[in-house]
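The first chain written gets the first letter, and so on, giving A, B and C; residue counts start at 1 in each chain.
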Amino acid sequence: MLAVENLRVVYHDVISVLNGISISLEKGELLVIIGANGAGKTTLLRTVAGMIDFYDGEIIEGDITLDGLSIKGVDTVGIMKHHGLTYVMEDRPVFWYLTIDENLRAAAFSGRGRNVKADMEKAYQYFPPLRGLAKKKAGYASGGEQQMLAIAMALMTQPGILLLDEPSLGLAPLITEGLFAIIKRLNESGISVMLVEQNASAALEIGSRGYVMELGRIVLEGKASELAANKDVREFYLGSGEKARRSYRDAKRYKRRKRWL
Amino acid sequence: MPEVQADSEGAVSTLNLKQSCGQLMTDLLQALGSGILVGLVYSLLGLCIVIVYKASEAFNFAVGEFMVTGSFLFYIFFFDLQFPFLIALPLGLAAAAAAGAVIETLTIRPLIGRSPIAMTIITLGLAFFIRACLQLIFGSHSYSFFLELPDISIDAGELLFLSDPLWAGIMALLTFFIVMFFLFRTKWGLAIRATSENQAKAMAFGINAKMILLVVWAASSACIAVAGIMISNFGALSTMSSIVGLRAIPVVLIGGMDSIGGALAGGIIVGICESLVGTYIEPLGFTGFKEVAPYILLLIVVLIRPYGLFGTVRIERV
Amino acid sequence: MNRKLLVGLSLILSIAFLALTPVSAKDIKVLSQFPMSGPVGALPEFGWGYIDGMNWVNGEGGGVNGKKITWFLEDFRYDPTVEVANFNKYCAELSRDEFILATGYITGGLKPLADKVNKEEKIPWLDGSYSTEIFGAEGGPSKYPYYYSLGATYGDQLKILMKWIKDNHKAKGKPKVGMVYSPTAWGKDGLPESLAYARKIGLEVVAQIEYPYSATDATNECMQLRKAKAQYVIYHGYSGASGCTAIFFKTAKKVIKNVQLMGTHYTTNRMSILVCQEAYDGYIGVATRPFLDAVPRAKTSMENPIVKLAHEFARKYRPEEYKRGVKDKDSIKDMFLYLEGLTYAFMIQKVLTDADNSGNLSREGVKKALDNLVWDYKGMFGGKKFSYKSHTIPMMQIFKADVKMVKMGETMVPTGAVNPITDWINSDEIKW
């Protein structure tokens, strides 16, 4: 349903971040994108969500289509409102100085959800710990609570597609586990999810399909289980390579990439 | 001054002492009262800077020029077209809001996502540009500006509060609370507060940051116009009136750049400071000290509390 | 031999020719500068009056005994530096024989030019400044022999107001006077002299208040005056058109109801009526020119010949600008400004003609003509003549404002005028 074709994105007219990337997200899928820092994962999500202008980036080639319709050039609010695609930015994008209650209401601003009260109730059902904190300023909530809130806020927009940018960042493993379980549940409830993660093992566990990104390109694609079993993926992203690297030179990624391509 | 005389004579009768004490009290009350009334208008100016600062992180240096623009727009409806006050006021404010929206679209919108410094500098340029435009259109002579609001002067012998400053205080306070209500009790207000915190986050959750910024600038422009109209009503309106806008700078810096309550407190503090200095210090020979006093106060406040008296201490999570 | 003779002859001839030509083709050149734009706003009326006046002088007016005046007009944008630079430029470009008279308009320019004009160039300089510092007791002809003011000093203006208070005070006890002045060189000008005079004639100065242009509120100032029990307030160093004046008058009308408000030249004019409206009613002020522009203009009294002349000139040469309202662009907002331009033109013609008649059309000749001038200024002072021995035109008149609000459509608009309550007073004739 969502397709990115040969996308090239440049920041500030000079820094090329996505160098011809093509991915697709099928309906009801939980897609996982893994990659190291600087691979362009966040840029990919920003571009899909229509926020690239805001960061002074530009699509110089390629197209993004949703159900066959190009959404290139449509702004974030338009994509969210008319195409039901919601982007949860990295680093827990909640409004620190608003209470948790207000955060949820603010997220309902676009008016996609007809009944704000009912939607809030639904969000609290997914994330029961938030209910007790309703009157607390989000800035004082814990990292896990903030991440829950961020996803709860995304739910307030009644998304068909959810883009999640590293929800596990800075969270304890136990909390990450709980969070991923909820993401899985959301996916099962019918929301297509595109999950970008550095915590590859946890992500691949819940995902149905995955891509590996490096330096703005897709270097590997496959079922989540296949990727999790891949030797290179295991070595670089799952941290469980068979033997210790012999030298730094061997770790240079471009050598490996050649083989993958 | 009576109290000085009483001091120098040394042996004063109790009656005299009582009288001079009463005199001192009325003097003080007078100074405080006038200070608060003018201060409320400064608060409103401060509020307009604060909401714009919160929404776009830009300091609107063109506040004085916005004020004069709004006042002139009202002037056209009320004095030139001679609409009744209750029709001319909303029309004038709507026109001021529209002017604010147009200015935002042309100058601030292209800079969304860039450094707030760029926007701040733009407002500095705007100040000169708008002033020049106003001078071109309206000339630089004064326009008489008498609203003829019902006389509500309080004249109790030594204590006197004139109708115009009272009206100014009332209108400023009223506008202040309307803005507060809008910000804290409505959906749009919530969206504005969210956007103020982070434009990118707001956009990601479907809040059109551009639209919000437009609304904020328009609302701020309309509120500045209220302050402008009330200040013009003290005497006259001319392009030179824009200098009053500069008073808003110590107001917001004392109160805290991002605090709405701070704007209210800051305005009253600056108003009282000016008034007290005018009553007690200037007669000692420090003429013109009134103009400087708020800045000295500002310096002291900023040295002790860099965020201003009520500025948000950033939520730091460790 | 022949060749030598020829060379010698041609040399002599050419020298003679060179020496002769300037005399026969000598021009009369005059430089005038007015603040027609700048921070105070657009005041093109100065220029219009001056241009119309000089064109008339060179045409119908008959020039200087038939000779035309070459005049230069500069806008110095209310900036003394520009005024000085313009003057220097013309001094460098024009010859001393031809450039024999210059005019300026503000005190700010007189100070930096003092040495250049009075010691180096020695060129007569007419100015619109009423500065007591330059034209009063401390300056004057001995210190600045080439400076001439086209009005009476602020010191004289303040003193004449005090004299009026003294002469007209009816209540018991010493008259109590409050002074309100702007914290500028203008506001402080003439103050020490007039305060000394007040003491001498037995006025009690109960308050001295500096009230800034940027004021938004005058309650404090008025309360101070009320507490000091002032009976007269002299408001000095402000333009009638500025906002702070309106604020002060409006507040004073309420806070100090029974106090007589008074003021100097620039508050005694049409703009005060328009800006302060009813609050201006009853004001008593001194002016150095006849009041020539009632609100509405059609009601102006045309008894004074120069007032009539100014209106005729404006109607004839600037019909559009004369008709337009105050709020329109390019309108004559206040006839005073237009008259100022005209008075310069008339004065230039008068003194140049006098100098020519005495056969000395040079800088020194013009200075002599000015020093010996006794003139009624085309009837400006009700037929009275003045002499220029103090280098000021020592004529003043005291006026009282009469403003009424009348209904025009839905709103009330001010109408009225500033009417003389004394005859023209020559300060040279008063024993201060």
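One rule holds in what follows: contacts are C-beta pairs under 8 Å (C-beta built on N, C-alpha and C of every residue); 3 or more make two chains touch, one makes a residue touch a chain.
In this text the structure is predicted, and so the values were computed from the model without any measurement.
Novice: What are the mutual neighbours of chain A and chain B in this structure?
Specialist: none
Novice: Taking each chain's centre as the mean of its CA atoms, which one is farthest from the centre of chain B?
Specialist: A
Novice: Indicate, using Cα centroids, the chain positioned nearest the centre of all protein chains shown.
Specialist: B
Novice: As a quick test, compute the distance in whole Å between the mean CA positions of chain A and chain B.
Specialist: Chain centres of chain A and chain B, defined by C-alpha means, are spaced 45 Å apart.
Novice: Can you give the whole-Å distance between the Cα centres of chain A and chain C?
Specialist: Spacing between the chain centres: roughly 77 Å.
Novice: When the centre of a chain is set as the mean of its C-alpha atoms, what distance in Å lies between chain B and chain C?
Specialist: Between these chains, centre-to-centre, one finds 39 Å.
Novice: In their complex, what parts of chain C are in touch with chain B?
Specialist: 40-42, 183, 210, 212-214, 216-217, 219-220, 223-224, 227, 241-248, 250-251, 254-255, 271, 274-277, 326-327, 329, 333, 409-412, 414
Novice: Which chain B residues qualify as touching chain C in the complex?
Specialist: For this pair, the touching residues of chain B are 30-31, 34, 38, 41, 79-80, 82, 135, 138-146, 148, 153, 158, 160-165, 231-232, 234-241, 243-244, 275, 278-279, 282-283, 287-288, 290-291.
Novice: Okay, in this complex, where on chain A does chain B touch?
Specialist: 49, 51, 53-56, 75-77, 80-81, 86-89, 93-98, 102-103, 105-107, 109-110, 112, 137, 139-140, 143, 153-154, 156-157
Novice: Residues of chain B touching chain A in their complex?
Specialist: Against chain A, chain B makes touches at 112-114, 187, 190-191, 193-194, 197-208, 312, 315, 317.
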